[in-house]
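Got a structure here, written out as structure tokens. Questions coming.
The chains carry the letters A, B, C and D, assigned in the order they are written, with residues numbered from 1 in each.
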Amino acid sequence: MTAHLIYAAAGLALVVLGAWSFLVHAPLLRKLVALNVMGAGVFHLLISVGYRGLDAPPDPVPHALVLTGIVVAVSATALAVAFGQRLEGSAGEQDRD
Amino acid sequence: MIDWLALSVALPLLGAVATVALPRFAVPLGLAAALPTVWAALMVMVLVADQGVQVSALGGWGAPLGILLRADGLAAALLGMANLVALAVSLYAPGYFRGSVLEARFWPLWMLLWAALNGLFLAGDLFNLYVTLELLGLAAAGLGALTGQRAAVEANLRYLLVGLLGSMTYLLGVSLIYTALGTLDLEQAARELRAGPVAWVSFALMTGGLILKSALFPMHFWLPPAHANAPAPVSAALSALVVKAAFYLVLRLWLELFGPVVGASAALLLGLLGAAAVIWGAWRALRAERLKLLAAYSTVAQLGYLFLFFPLLAELPAGTARTELLGAAVLLALTHGFAKASLFLCAGLLQKAAGHDRIDELSAATQALPVVTLGVALAGVALIGLPPSGTFTAKWMLLTAAIDLGQWPWVPVIMAGTLLAAAYVFRVLGHAFASAPRHGDAPPIDPRGCPGANAIGLALQLPGLMLALVAVLALGMTAEPLWDLLASTTDPSEAAP
Amino acid sequence: MSALLLALDGLLSISVVALAWATVTRREPRQAVILFIAFGLLLALVWARLRAPDVALAEAAIGAGLGGALMLAAARRALIQRDAAPSPAPPEEAGR
Amino acid sequence: MKRREAAITALVLVLSVVLAWAFWNAFSGPTGDRLAELTATRVPESGVTNPVTAVLLNFRAYDTLLELAVLLAAILGIWAVGKASPGFLPAGAVLRALVGLIVPLLIIAGGYMLWVGGHAPGGAFQAGALLGAAGVTLRLAGYPAAGLPPEALLRVTIGLGVLIFTLCGVALMALGYGFLTYPLDLAKWLILVIETAATLSIGATLAAAYLGGRADPTDSGDGVTR
């Protein structure tokens, strides 16, 4: 029953990597990738919390939470990308003036 | 069987879908959803006042398998405030947006924001709170960027990113709680949480995430540009309600879940951050050149006061004194909600009339719109904390508690914040009542010299004034029912011996 | 058997973290997004191993797939814009 | 700048130690089963046999409803800030033939995924993602609207999931069961109806999000109040 601990540790490592990258790197896309890696870390952690070995069925509640979280993360990413696109677009317009 | 709790969330969701599908009829459909939503929320408030805590087990499963909606006194008080402010914003928006393409874009996002607010106040489940927080954040960012102008989009992109970092941090805290306790229900978690690493770290993660979202100092940097660059009804909702929702969650989690197990030093830290926000926000508000920017910085400061209550509440044992002080915190939050919404709604009209919102050049607009100016003045009275506003009562109780408990360092902070607030409010009003411009060679101000003012009817001016009147008169003079309502607030330290 | 499985778990975890490291440290946005998609797909594989096939499907399709496609399109636009931007500018730059 | 980076790195390293310590404590606690056993005993009452679908669409259906609202908020925010960017070049004949093969496959796979979600891995979100992927494929192949319906219908489609979900909830409340409380004999069908509506909404929303803005050519895009 140590498998879930290994995976949980990996999940924490992803969270920390994502948070670090978000704080250190300025470009929007790198920040978005960082947030998504951080989110994936939280999700990975939840999945390993739900894992109960090969003999017992896993806990479906964390799985459902992660499904919800994935959709929420993609929604937020899409909105941020659209905002970023708008800023690029208007920057281009201003350059032409 | 009518489930008013579920309806408070379901009705604005239906409104959102209807206004998305039929953008031509966004205003009538939006108002048709807004009125029953307010009704449902007020019914929740009445039920809580009459019968105590209301619980609704969605899906009939109950905790920990299903999700609970719960309304105690604290939730009901904020729900009532939020829905009255939202009603005023809804009545104001059609006139404000008339003839603009923004009208059809405003309503669906606004209804989603409303659903998120009601869902957040009523949520009794930690993961459900995460979903409502995300809905709140995304709807707020969309609304804030509604004009598509560069400054607005830029500010809201920043808000979106910070908010996402905040909600991921919050979710990590929720995962920690679930790992340790095996439940997501707030009440069950509160029963089982013991002092220890899990409690401390999940407190830090969840509160830290919420502080990012609520713009408490030093995480305030995104708020002023995001709130000042939005259309007026949106600024009102963001400053009065969205920020308050995050504060409500910090308070709720602290009262119910973490307060008994994390100790007073965490509360002291919250208090120190609050003190810094009071001074810094008020100072920046004083220096702001635009009225809406002033109002936005003032939100940072006013939010700071709310966090000053934590170290005092942490010192007080359960009992009347603690309940009284909690009531003062809620009263301050409610008054600020009404007053700040009023200030933004009025500022929007002045901006419409004058074509800008530079404080030094608003004299003509303020004199052409006396009702709006009265609204600004009353909202200012509530922001400073002059009697008879609710802020006065709340700040007085805060000061008394600080002195009684020997935590006198908070006293000069409150005083300085109040003086700065008086300075920035009178700076605005000074320009409003100036009969002649400062520079002698310019012609005297002619109220008719503000053509934009004619297009603004009384119906558009009333919502802001009504909110200001509630902040100054209703909450100031008749605040007693609030304490009766709060008597049913869940506060485990009361039950404990 | 269980030692072998444990070794596999360790290897998978290390690969996931290493791929994430490569993703967040890559400077060039388009390559970073492509690495992110690969990371998401590997993560989906790991989740299938952890007996979460529903979530693995969703992560592959939504998280890595559509999320990646969205960011890839944004990275592509950023590249086009960067390549397009200097072309009108050269005369000024030469002047400086 | 370098000093700031070093400070953040140090801070994050401390954070990782603290997190590891807290989670180690959490894992070594007594609640090994958490909600697993409880959920397993109640899945038969949910109307579906896939436990994840049971949690998503019955036990915690309210979360899923709000999650669909989050998707709706995202697409409305995207539409608020601007128009869709111009599409890619039209595809060549070979690619077009390939697209003609892939898109129907994705749609069929989506339908299968939706149906199978009640008892096997799959469900509305995976199915919706496949529909969205079909939209992305069409877009990449040069179809500017990504196969989405005209605006009036699109507006109905993206809200359909929230609409049907909420109406089911309110109707069940009016019938005396309680908000989103499905009677056992109807649960399977209610879940299927809600999931179908959700799938259409998710697919349309994801494809529309990929377009990155409003598709209508008439709107000038800068919604400045005049």
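One rule holds for everything that comes next: a residue touches a chain if its C-beta (ideal position, glycine included) is under 8 Å from a C-beta of that chain, and two chains touch if they have at least 3 such contacts.
Keep in mind that this is a model prediction, so the values were computed, not measured.
Two chain pairs, B-D and A-D, are weighed by contacting C-beta pairs, with B-D ahead. Remark: chain A and chain B have CA centroids separated by 29 Å (rounded to whole angstrom). Rounded to whole angstrom, the centroid-to-centroid distance between chain B and chain C, based on C-alpha atoms, equals 38 Å. Inter-chain spacing, taken between the CA centroids of chain A and chain D, is 15 Å. Contact with two or more other chains is made by residues 19, 23, 27, 33-35, 39, 52, 60, 63, 67, 70, 73-74, 77-78, 81-82, 85, 125, 206, 209-210, 212 of chain D.
Looking at chain B, residues 127, 131, 134, 138, 141-142, 145, 148, 153, 172, 178-179 sit in touch with two or more other chains.
Chain C has residues 54-55, 58, 62, 66, 70, 73, 77 in contact with two or more other chains. Pairs of chains meeting the touch criterion: A-B, A-C, A-D, B-D, C-D. Partner chain B is touched in their complex by these residues of chain A: 15, 18-19, 22, 28, 31-32, 35, 38-39, 42, 45-46, 49, 61-62, 65, 68-69, 72, 75-76, 79-80, 83-84, 86-87, 90. Of all residues in chain C, only 53-58, 61-62, 65-66, 69-70, 73, 77 touch chain D in the complex they form. If you check the complex, the residues on chain D that touch chain A are 5, 8-9, 12-13, 15-16, 19-20, 23, 27, 32-36, 39-40, 51-52, 54-56, 60, 63-64, 67, 70-71, 73-75, 77-78, 81-82, 85, 125, 202, 206, 209-210, 212-213.
Interface of chain A with chain C (complex): residues 2-4, 6-7, 9-10, 13-14, 17-18, 20-21, 25, 27, 29-30, 32-34, 36-37, 40-41, 43-44, 47-48, 50-51, 54, 57-58, 63, 66-67, 70-71, 73-74, 77-78, 81, 84-85, 88, 92, 95.
Considering their complex, residues 127, 130-131, 134, 137-138, 141-142, 145, 148, 150, 153-154, 156-157, 160-161, 164-165, 168, 171-172, 175, 178-179, 184 of chain B touch chain A.
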